[in-house]
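Each of the next two complexes has subunit A plus one more chain, namely subunit B in the first and subunit C in the second.
Entry: the complex of A and B
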């Protein structure tokens, strides 16, 4: 609940203190700003629920923008982006479940690999992104800006996967066993644990690629550094949202709120002219505060 | 009547030691079958083979006359064999209903989980046990007894006809035991076969029809319980002559090393007092889980509830000992605590023998003191303990159980302590290593040390120790000289308390 309270308190404060905050322009802007983090954090959550981490998401976002900014038509680059995402997820998952490499090491290695390839493809930012991507992010439908629809669609898909399917339940089961120190518990129930963990990494990469597409639409070019440190922000958002990092406990709404809290915080501090360096320090303090105050072993927030 | 399950000539080895050796077992419908034996007799292993957790090396399992082999617990459950193990296997972060259906969740036409149906069927399975629990409650919020009932309900829902209950009452209080027994009778009357593993003799006679006794992995006998008495059952379980494993007893002095007065393991348990003299090995015996372990652990600060006074060589030990400082407090008074589970609590499996021994030696110095050279002391310990390894740099995890246990003891014996509190000195080690360990402990006592030891193996305590305290219900109910004590006497003292 704490993150939600922070978010509300923050909004009320900003609403009273600044004229711009409650303006519809700023609110839509806020959604657009928050969306890449929301999507990445949701993807990250699939992996955190089974007690792992995916550090490769930051590079994957940059890589996605670089692919989209290649000199090729959208009907080639957009499917290619998701194809690569699936490949990244598969190889993360296979290395972790079959070769028994620790998730932090496996995905850290993957982060470097992708980062290297991205810098070969696009050493400095530039290029142009297909029109359809720009339109789908910057345009509006029935007077409502597109990012709102992105948010709704992503949350619906993630909700279905995490809380409305056997896959999601199995992820929670695996994570619960891992957090309890009985990693075989879920397998003993007949849950195919290695396959589900593999799919969790694939889901994480796909959501991340989606965030990359969104970002590419916003910056209208490819940028090898745009995803830098995104993995840390995503993990922060998941943790602030009440998901237990050892696995098994968490909720989608928590993760969304966690990501929104981070976005609100930086939006608010930008409006009140707080230095970005101080913003970073505050973000770290918030993470410590929220995780430290959480009573563990409880569902959701 | 046809039997539901027949296990024929099952054998299983772990490493070099045979845990189960050519055991056959038949389970008939409508019976409660007690599986008896000392710890390490192979009961749990045999049942884990039937439940699909382990696979047998040789032998056959027949289910309703058909030959079967279970690779996973899931396959066993699908064949109608449900297990409630000591270590619970439910997932605490999921609800009761989710646990009941995990791995086989029903889905609706839209591909979502059919939670309404899960709730309905869970309620039905719980109702079959006469329980009214909300299917949406998280398992972490249930008591141990309720969790066990949920596991049984899980079996009922899977339409199991064979239920394996591995010490279902070990963690239950008297009222819950009654409820559990009522459930077991209900299952029996429904024509199910129940395997019941318990160390509580009175329960066995209260509920079981047939019993099978295992000893050292081998089948001793299968008999109807009606012709048995507790005495004849114990005689079957003990069976063996006291082998020539134990060293001669030493002479004890009258100097007291450890003294407990008005000591309560829990605030509401009966006060107890005991003393251990220099040169003496004293045992805490009794049925499993009666408070022997809590008694030792409370001195080390690993079990907090105790009150009373404790004196080590006349100096008071502050109680209750605190968890972060308890062990160091003991160390400062030259007392060592040797935990039961050498793999989890005792040794650093990935580190070398030398490291594992040096930890004990260097722990008496300050954190920032200059490192000492322990090579000689380590080499000496390895020779005197006869630790068989390629050298002091061999990782402890690669050693056999017996050698691991010797490294663990070596750590404490090498640090020049006066009193050792030892849990299960020979758990999971072979007979040769056992004899060596007994000799080491005796020579430690002869050299002026004192030992307070607990073990599930009563024979071991009788052979090794000088005096035996029988613990039951977290109180000391008898004190016996070990020289004349028998297993029978000890069991009797515990059961009649």
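Entry: the complex of A and C
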């Protein structure tokens, strides 16, 4: 509940402080700005719930925009994007669950591999994104801008997966065991833990790719640096939303609110002309603060 | 298949950290492709370039031995570089700069250690957040532009050579020897080993686990500041970008050298050769015309493969 109050307080403050904030243009703009972070944070949450982190999401977003901006028709690039996302998720998950590599090392390595491939595909920003992507992000339906529909669709799918399916229940079960220092707890109750963790990484990558498609539609080109530090923003959003980074506890609405708080924060800082460098520092401080307030048993990583 | 894998000789080969193999392979590659590059002077220059990385690896291996990680090196590097090059302390002497840098590094390390040891916050999150706070702060202070020049005596020291060996390389070598002795001969070194093996068992045998973790991170901050001084001396100008990829390279070199979270079989010399492998790798990739993106991919794959190498072995022994 606290993040929601912060979000409301933040909006009231901004509404009083600046004239532009409450204009419908800025509000719709805000939704469009927040959407990539909301989608990425939801994806990240699947992995956080089992007590891991996926650090490869930032470069996967850049990679997605680079693929979409290739000189190829949309019916080739859009499925390709999701194919690659599934591949990335699968290899993350397989390396972690089957080859016994620590999640942070595996996804950190993956981050660099993807970043390198992205820089080869698209050394500087440019290229054009298929029209259908631009239309589906920038256009409007029945007078309501498309980002609103994106938000509703993503939240519904994620809700079904996390809170309305056996898969989600199993994720929470695995995470609860990990958080209490008994990683085998869920497996001992017959939950196929390796398979579910693997699928969590795949889900994370797919949501991230979706965020990348959305972002590509917003910037209308490919950009190798657009996803820089996105993984930290996503983790911050998840943590602000009350999901425990040690695993097992968390909710979808919290994550969405957390992402909105973060988006409001950057929107507000932009409106009040805070230097972008200071914005980075403030976001880092926020992450430190939120995670510092959570308690866990394990020390170290 | 399994009979071959279980053969004692192969088991023994598998126990050697991958860094030595990679180093040997790269040396042979270079010897075949560009034999004239293998003389002491040219190699000295290449190895001198990785001296900051080599020093930073000592910090990384210390924290990885206690099942933690330190990604804040990039931020410390930038801050130290900014303090020295921006001219906010005009006319200050060298001991002052060195003392100040070491104090900054130690303070940041202590903060990391406190957050990780006492507050039990994830080390990745803490050190990454600290790093981006410092980077944002420095870039704000310098408005995104390189600040200024570094006092020339630092670069002069960096350029001294002792016979064929450049001073930074000797300094790095000496620090590595000190670290090796420190980890093997002191009580604290034994604490580090026991905490890495099993924190709970260490706790119940009377090892001050929290204090060991905090101290390891504090020392890591101190060493990162030393690395920052070497780095600043090497580039000789202020910069707001250089060194941001060093922490991740340090992680890669450490894993390559056989030190994975809590397991220190590679000792101190494994990661040492890991750094040397990276020095050679960059030379080899440059001579074969592979650009920065290729190097990023290589870094990622090396981290992944080295980690898989150890992951498979741990799962077999369990």
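Convention: the second predicted complex is superposed on the first by the 287 of 301 C-alpha atoms of A that agree within 3 Å, B and C clash if a C-alpha of one lies under 4 Å from a C-alpha of the other, contacts with A are read in each partner's own complex, and residues count from 1 in each chain.
To be clear about the criterion, a contact is a pair of C-beta atoms (placed from the backbone, for glycine too) under 8 Å apart; a residue touches a chain by one contact, two chains touch by 3 or more.
Just so it is clear, the structure is predicted and the values come from calculations on it, not from any experiment.
Q: Answer with first, second, both or neither: which of subunit B and subunit C does A:109 touch in the superposed model?
A: Only subunit C; A:109 stays clear of subunit B.
Q: Answer with first, second, both or neither: which of subunit B and subunit C does A:119 touch in the superposed model?
A: So A:119 only meets subunit C here.
Q: For A:179, is the partner it touches subunit B (first), subunit C (second), both, or none of the two (neither)?
A: first
Q: Which of the two partners, first being subunit B and second being subunit C, lies in contact with A:235: first, second, both, or neither?
A: In the superposition, A:235 contacts subunit C only.
Q: Which chain, subunit B or subunit C, is in touch with more residues of subunit A?
A: More residues of subunit A are touched by C.
Q: Determine where on subunit A the residues touched by subunit B overlap those touched by subunit C, and list them.
A: 297, 299
Q: In their complex, what parts of subunit A are in touch with subunit B?
A: 160, 164-166, 169-170, 172-173, 175-177, 179-180, 182, 185-191, 248-249, 297, 299
Q: Along subunit C, where are the residues that touch subunit A in the complex?
A: My answer: residues 66-69, 115-117, 119-126, 128-137, 139-140, 144, 199, 209-210, 213, 248, 251, 255, 260-261, 292-301, 303-304, 307-308, 310-312, 314-315.
Q: Under the touch definition given earlier, write down the residues of subunit B that touch subunit A in their complex.
A: Residues of subunit B touching subunit A: 53, 72-74, 77, 87, 89-94, 98-99, 102-105, 107, 111-113, 138, 140.
Q: In their shared complex, at which residues does subunit A touch subunit C?
A: Touching subunit C from subunit A are residues 53, 55, 95, 99-102, 104-106, 108-120, 123, 229, 232, 235, 245, 275, 277-285, 287-288, 291-292, 294-301.
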